[in-house]
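Both complexes below contain chain A, partnered by chain B and then by chain C.
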Partner chain A sequence: MPDTQALVNDFLNKLKKRKIEGSQATAKQTAELLRSVISQTRMPYTNQASALIHSVKAVGERLIAANPVELAVGNVVRRVLHIIREEDLSLTTAAMAGLNLSAESDDEDDTDRDNHPALSAAAIAAASRSTLRPPSLQTLLEDVPDSAAVPHTSSSGGDSEGKSKSADKSSRSRKLKHDVIEAVNELIQDISTCRELIAEQAVEHIHQNEVILTLGSSRTVLEFLCAAKEKKRSFRVFVAEGAPRYQGHLLAKELVTRGLQTTLITDSAVFAMISRVNMVIVGAHAVMANGGVIAPVGLNMVALAAQKHAVPFVVLAGSHKLCPLYPHHPEVLLNELRSPSELLDFGEFSDCLDFGSGIGAPLLHVVNPTFDYVPPKLRRA
Partner chain B sequence: MNRVGLQYLAGDLSGGNARCIAMLQAFQEAIRDYSTPPEKTLTRDLTSKIGGFVSFLIECRPLSMSMGNAIRFLKSRIARLPLTLSESEAKTTLCSDIDRFINEKIVLADKVILRHAATKIRDGDVLLTYGSSCVVEMILLYAHELGKQFRVVVVDSHPMLEGQKLLRRLVVKGLSCTYTQLNAISYVMHKVTRVFLGASSIFSNGTVYSTVGTASVAMVAHAFRVPVLVCCEAYKFHERVQLDSICFNELGDPDAISKVPGRVDVNYLDNLTDKQKENLELLNLKYDATPSDYISVIVTDYGMIPPTSVPVIVRGYRKEYLLI
Partner chain C sequence: MGAQKKGATARVSEDPEELARHPLQAILLADSFTTKFRPITLERPKVLLPLVNIPMINYTLAWLESAGVEEVFVFCCAHSKQVIDYLESSEWSSQPNFSVTTIESHNSISAGDALRLIYERNVIHGDFVLISGDTVSNMSLTQALQEHKDRRKKDANAIMTMVVKQSKPSPITQQSRLGTDELFMAINPVTKQLLYYEDKAEYSKGFISLDKTLIADNPSVILHNDKQDCYIDICSQEVLSLFTDNFDYQHLRRHFVKGLLVDDIMGYKIFTHEIHSSYAARIDNFRSYDTISKDIIQRWTYPFVPDVLCGSSAIKVERQGTYRASDVTLSRSAQLGSFIFIGQGTKIGNDTKISHSVIGERCTIGSNVTIEGSYIWNNVTIEDGCQLRNAIVCDGVILKSGAVLQPGVILSFKVVVGQQFVVPAYSKVSLLQQPTQQDSDEELEYADSTSGTGELRSDKLNGDIAPDLSEIASELGTGGVGYIWKVFEGAYDEEWRHSVAPIPTDKLVKLMLDRDEDEELLTQDGNIISASGELKTDSDGNGSEDDDNEDSRDDYVSFEKEVEATFLRAVHENVKVDLAVLEVNALRLSYNMASVDCGGAIFYSMMKLAVESPHNSASELHRNAADIVTTWQKLLKSFLHDIDEEIEVILKFEEMCLESAKEFAALFPQILHLLYDKEILQEDAILRWADEKEGADESDKVFLKRSEKFIQWLREAEEEEEEEDE
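Moving on to the complex of A and B:
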């Protein structure tokens, strides 16, 4: 446990100080962290799944609170919880099927016959009670811990049966952990390879002699375009620079290194150039449940221009960016303001930063948001 | 004349009105210094001289629409000079005509625009402006002098970063301002009540030809249902029709895109190999065309008109101003 605590605290620090760049890296590290939390959780005899869920939830809440704007963290936590519930459910259905079989195979012995149906019924009842029930209003209001009910019924079955059941359950618990960790490994694998899978679809969307517009820099978009180039499609790319981080310069450099015809334009020229463009392809930070997209700043402007000129606006996002939340006032709540020094030099404008005549409030505010919200109706795919 | 040309080249003089006034004053000087060579008529020779000056200016920097209109005015005045006038009288007439043009069409026009536009500003407004337009700056300062309480959002864009100059001048006068880049415009537009834009020219179909990025501002304002007011003197109207920004535009210095003033960390595009350079183009447009549906009203010295009334002014009042 101390090991995981140290890991968790370390990760929390990194999230708070925004040291981890990119939602893919964040998602991967979150998944790995949760995997170690799961493997270190001590599992009680009964209701292992809810113990796992409890520990994962506790860590997950702290992670989400550290950086509420990084939605990938919450997404990964929810997926791990879902994995736990699924694995548990599949194990209990397997166990119940197993119990039914063992009950039927002993029908030669007359003396046991009367007991068996009762036993199997009790066993099935016990098994189903130990599975996780999805929270219904009744369970929430009762707040009765499930574990108290189960040993009560199992003791009625007699000692031998009790022993076999406990043996059954401990093997079940090991199996549960094992399955969950396997599934989390698969999740990590998915997160790492999401870009390749997206890039494979590039050829279907990009044809010969197309002109593509993008803004800022996204690694997913870069791989998408390069995959199309590999398949010998020739096309041009307009890259808008994406002030104030100017990531478009980086993307343009990457693209020319790989041999693509690129033109670097200013953000202000996007409206002017978009009539000559066939498709707009951008990466996203997160995709919300209503289909709206949280994207780097400036993309709402591009999406509106694309809609006006009937140019398809395509968003590329890995599965770790899909978020089951609905955005409520996303410009403010899901946004972060960065340092104003990216816009204005402090030294040059120091005279303006003097507090205004008598009012005491500064005359000059500088706004530098990180993200933009693109509503679902502006997005084609 | 050389001095003015070099100022254009260096970018010291920018803004339609400033360039136009400087050019006309330079013409005035040239006319005063001019003397007709023997065996030639004043009108023809002077016209060709003016043509020579204009080509020199075009070499320095392509003409803006307003300058084109002013040159046409001057040529028509020269052509209408009665032949009975002596040379010195002709020269003084021309100089006084130029003075009247500057006074009526630019200086007085601006005063009228100020008065009209200030009626549209109420207390508690949040006004957004893009780049640096001298007319909009005058409106904001005038409204502030009248005592109206409002806030200004100055939106700027790379590479010109003209908004910073406007910002400094406004804060010095005591207006409370917010400064941001063009990309953040969807973020600020929620709070904005009015958008004031300047224009380099307005075409007959109501399209506004202005600094690159204005179209994006107007589009986002329209999406958020914020009224857009374009402030432009009538002498800048043009009877051309332009459908998009690509057919007729001015290209700026491409290297200006790769350099970001004041940010040393943004040097991704230094040291490119030859192979990289042959695939990379840098495009620096200076102007763009805003479709008329994004514009609510155009404030001119003839009043506040909808974009559809621009051809009326071009046709109807153009005759009047040529005759003065």
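Moving on to the complex of A and C:
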């Protein structure tokens, strides 16, 4: 499959060069890439699921290594693996149901048995629904035990698969692939519509005449606010500009064109303004397993200010941002240090950076981290 | 890239020029055609030298790739085999949408030859990026390319766009932070056309000369000395044919750019594109190697930083700018300072201190080693107790225990330094013997880098080393292997300019003193007021280290200098006293000074002139001073309206005798007398000065004591007068 190989390399390159911005775009592209990997994988007769898992894992590991800071890649890879296992399980149970059905003709008195497959099918349906449900933090929490349970049943499914040497294997193998691709399609759909899904809940959170504060720019936040606006809620928004990239300026512009009453403030004014704010709504880069949030730099300060004034602090994140990892030393290890040129003009400071004189070592250090880690205790939902 | 593809698909509607659109091409010169990196470049081409542990050419290629270049022609000359082998084995040979083609040559001795050869190959079909393989950048080409194309449409003679970046040169050493000489460029601020380019200004002369027509033809010209040439050029095809037509063009800047600027027959124009937030710089010498390494570690070149370039799993950035590979063996007691890089498989022993350094892969570093500001490449062994400061240590070097590298040392491949041996500062050590000195002829400087290296390499490696080993062992201590290269005459005092080590303080102090003198010369020349004027204020503004930090003081110093320049001009050109008075007055107004300051400043310049004019003895000096004072007394007088101003002059003189012109110290009373005789100073002023000084510290009274006799005489004369009156 030279075609997918090229695609993978291309994507790897983009990830490495930091050419894809935003976790949604990354997540979507990852899912699309994995879909093509799956469709190109040659299916063996036995153990198709493990073959798929193997190829997805191989690609996934490389993708994750290309930019370990972009957690969305890893999340999507894990989701796809989950989908494969799940589909495999549902197929084997269906096959088992077929077997049961044939057995049923022999033993007619067995009503319990008849119940059993139906029940397991229902459980599978529930499990699959839970992954496809509109993502929110609550579903994540429900999700965790689910996804833990599924691999367990899938292994037992594998056992039963070994026992049942059914004849319709070729059709099943095609079916597995087909189903997986279908499910991945749904995942892609999910990722691309997550904003709308989140925005749907806007009215429940934003009340009449409230003051909302946000920092930097997040498309999710923008859609969320606009959705509330469309529902005829009238409220005001404070936008902290989000130094050093000042994406807050763009957000403010965007909000104004949509007819929202907007106030732009500097990041350092957040603490002064927070007492007038009813709710802080921000986007995130990733949500960790402990509930901590990796978010654009400056958010930890906003969260602290919100806590001090007992203002609800709400983080909006699509399901692809929910990461099952526990953060260890996130300020450094899950951070990306960008170029100092975003902070200051090289030309103006070039004489401070002359290593030819003085001690020969830079006296001026410029640190430009991209992310902040907001510990879970500062978050409201 | 996207724009290019669109151009290819949506051809129909576009004009014929768009039809001829080609994928963006680049020519990468993998040979610098200089000898600055010797002795290292005798064994390995410069582009493959590791820069923060990644070969330089990788930075260039990665940038070209990300900037949307689709086809790169790598021109290799010296060590072409190594470059080609490297590129073939690297990831670059298998990139989609990015092809790397090598062009090999064995007889090119300059960039000009290289471009002529590429022209013959006929591979370039449109605009191309010309870059050398030692350039690090993260700029986006889109805008520069667009500007270039737009200009081309309007004016077919706009054949080249040079990328420049602001970077202030050091006012003291007159070199940029990259160790290159201060660069002067005259640019039309509206059209961005480059009008003048001079990278080898004569500081001894202290001025640069611009063509008259240049100023006549352009409504406004800005002369920059704070721009850095990034050596990234966007060129049209004509550039190649121009090189072919002018077979004497060798150097890209010295010949080609200057040639085009001077030549007004063809009317070709060069434009500039200034980048602000992005980074671009070329490694031209050891100093820039050091500077750019530090810039990379400080992430100015993001996303072309080690942790991103080599796949982040291998190298992690930690706090304080520490880059560490995953499998470094580090002793618990080792102290790692800020801004360091440690490559894979390196072992570091107990109590070793490392700061501001790059350490390559698989190095073994013993205990109690101190490494500061050094660049250590791969597979280096450093035994216990060594000390390294601002050195470059190439692959496979062994430092036996207790060896010391003083600042600026370069150890080439596989050198062994003996126990306890101290390698003196700025020495270059190699296993290869130094090639015999070439003529200092400009042309040959390029010639020997290629023709010389090839032969030398084969000769030396084929067996010359073995018999020599015993003989040279002594040169690097017991057990040491390698030759210490001699520094050629004349080159020695330039060594520190381009070294990895920071400039020693004593050099800076010396330069600072020199500069003061230079500046006098600079202002003395009245013909290029605009240029020198700007330069002067520029350097004054920057040179706050040596001047007092206070603004007023700064102002006064520059005012004093202006006055001095005016005065000198008046002397040399026999300007009438009235005119000189007028000029000084104008200066006084423009600097917002009191006439007190004028008197002081004029007197200062007069005395300085006296000191500087030739004299053998004190009496001759006295005569000099007397002459000058006699000639110019009217000038001085016109600024001394009252006693306070006269006292100021005396104080100034005292100050001079203490500081700048100590020769006068002995002559103090005589000069005072002279001034009195010439009626420049009234006796009241002198007496009041004496009274004021009575109460001062002992140390302040030196001159008072010296002139005691004179003052005594004055007092007596006064009394006599009074008596007579009665």
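Just so it is clear, the second predicted complex is superposed on the first by the 311 of 381 C-alpha atoms of A that agree within 3 Å, B and C clash if a C-alpha of one lies under 4 Å from a C-alpha of the other, contacts with A are read in each partner's own complex, and residues count from 1 in each chain.
Simple rule for what comes next: a contact is a pair of C-beta atoms (placed from the backbone, for glycine too) under 8 Å apart; a residue touches a chain by one contact, two chains touch by 3 or more.
For clarity, every value in this text was computed on a predicted model and none was experimentally measured.
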item: Fit or clash between chain C and chain B when superposed on chain A; value: fit
item: Touching partner for A:322 - first (chain B), second (chain C), both, neither; value: neither
item: Partner chain in contact with A:365 - chain B first, chain C second, else both or neither; value: both
item: Touched partner set for A:333, first chain B, second chain C, both or neither; value: second
item: Which superposed partner A:249 touches (first chain B, second chain C, both, neither); value: first
item: Which of chain B and chain C A:17 touches, first, second, both or neither; value: second
item: Residues of chain A touched, compared between chain B and chain C (which is higher); value: B
item: Contacts of A:66 with chain B and chain C, given as first, second, both or neither; value: second
item: Partner chain in contact with A:181 - chain B first, chain C second, else both or neither; value: neither
item: Contacts of A:270 with chain B and chain C, given as first, second, both or neither; value: first
item: Touched partner set for A:262, first chain B, second chain C, both or neither; value: first
item: Chain C versus chain B - closest C-alpha approach in the superposed model, Å; value: 7
item: Contacts on chain A seen with chain B and repeated with chain C across the two complexes; value: 342, 345, 348, 356-357, 361, 365-366, 368
item: Residues on chain A engaged by chain B in the complex (per definition of touch); value: 241-244, 246, 249-250, 252-253, 255-257, 259-273, 275-276, 297-298, 300-301, 304-305, 308, 331, 335, 342-345, 348-349, 352, 356-357, 361, 363-369, 372-373
item: Chain B - residues contacting chain A, complex; value: 156-159, 164, 167-168, 171-172, 174-188, 190, 211-213, 215-216, 219-220, 223, 244-246, 249, 257-258, 260, 262-263, 266, 268-269, 272, 275-277, 279-285, 288-289
item: Contact set on chain A toward chain C in their complex; value: 6, 9-10, 13, 16-19, 65-69, 332-333, 337-342, 345-348, 350-351, 353-362, 365-366, 368
item: Contacting residues of chain C [partner chain A, same complex]; value: 62, 66, 95-97, 138, 165-168, 170, 172-173, 175, 177, 179, 226, 228, 276-279, 287, 290-291, 294-295, 298-303, 308-309, 311-313, 316-319, 321, 338-339, 355-356, 373, 390, 501-503, 508, 542
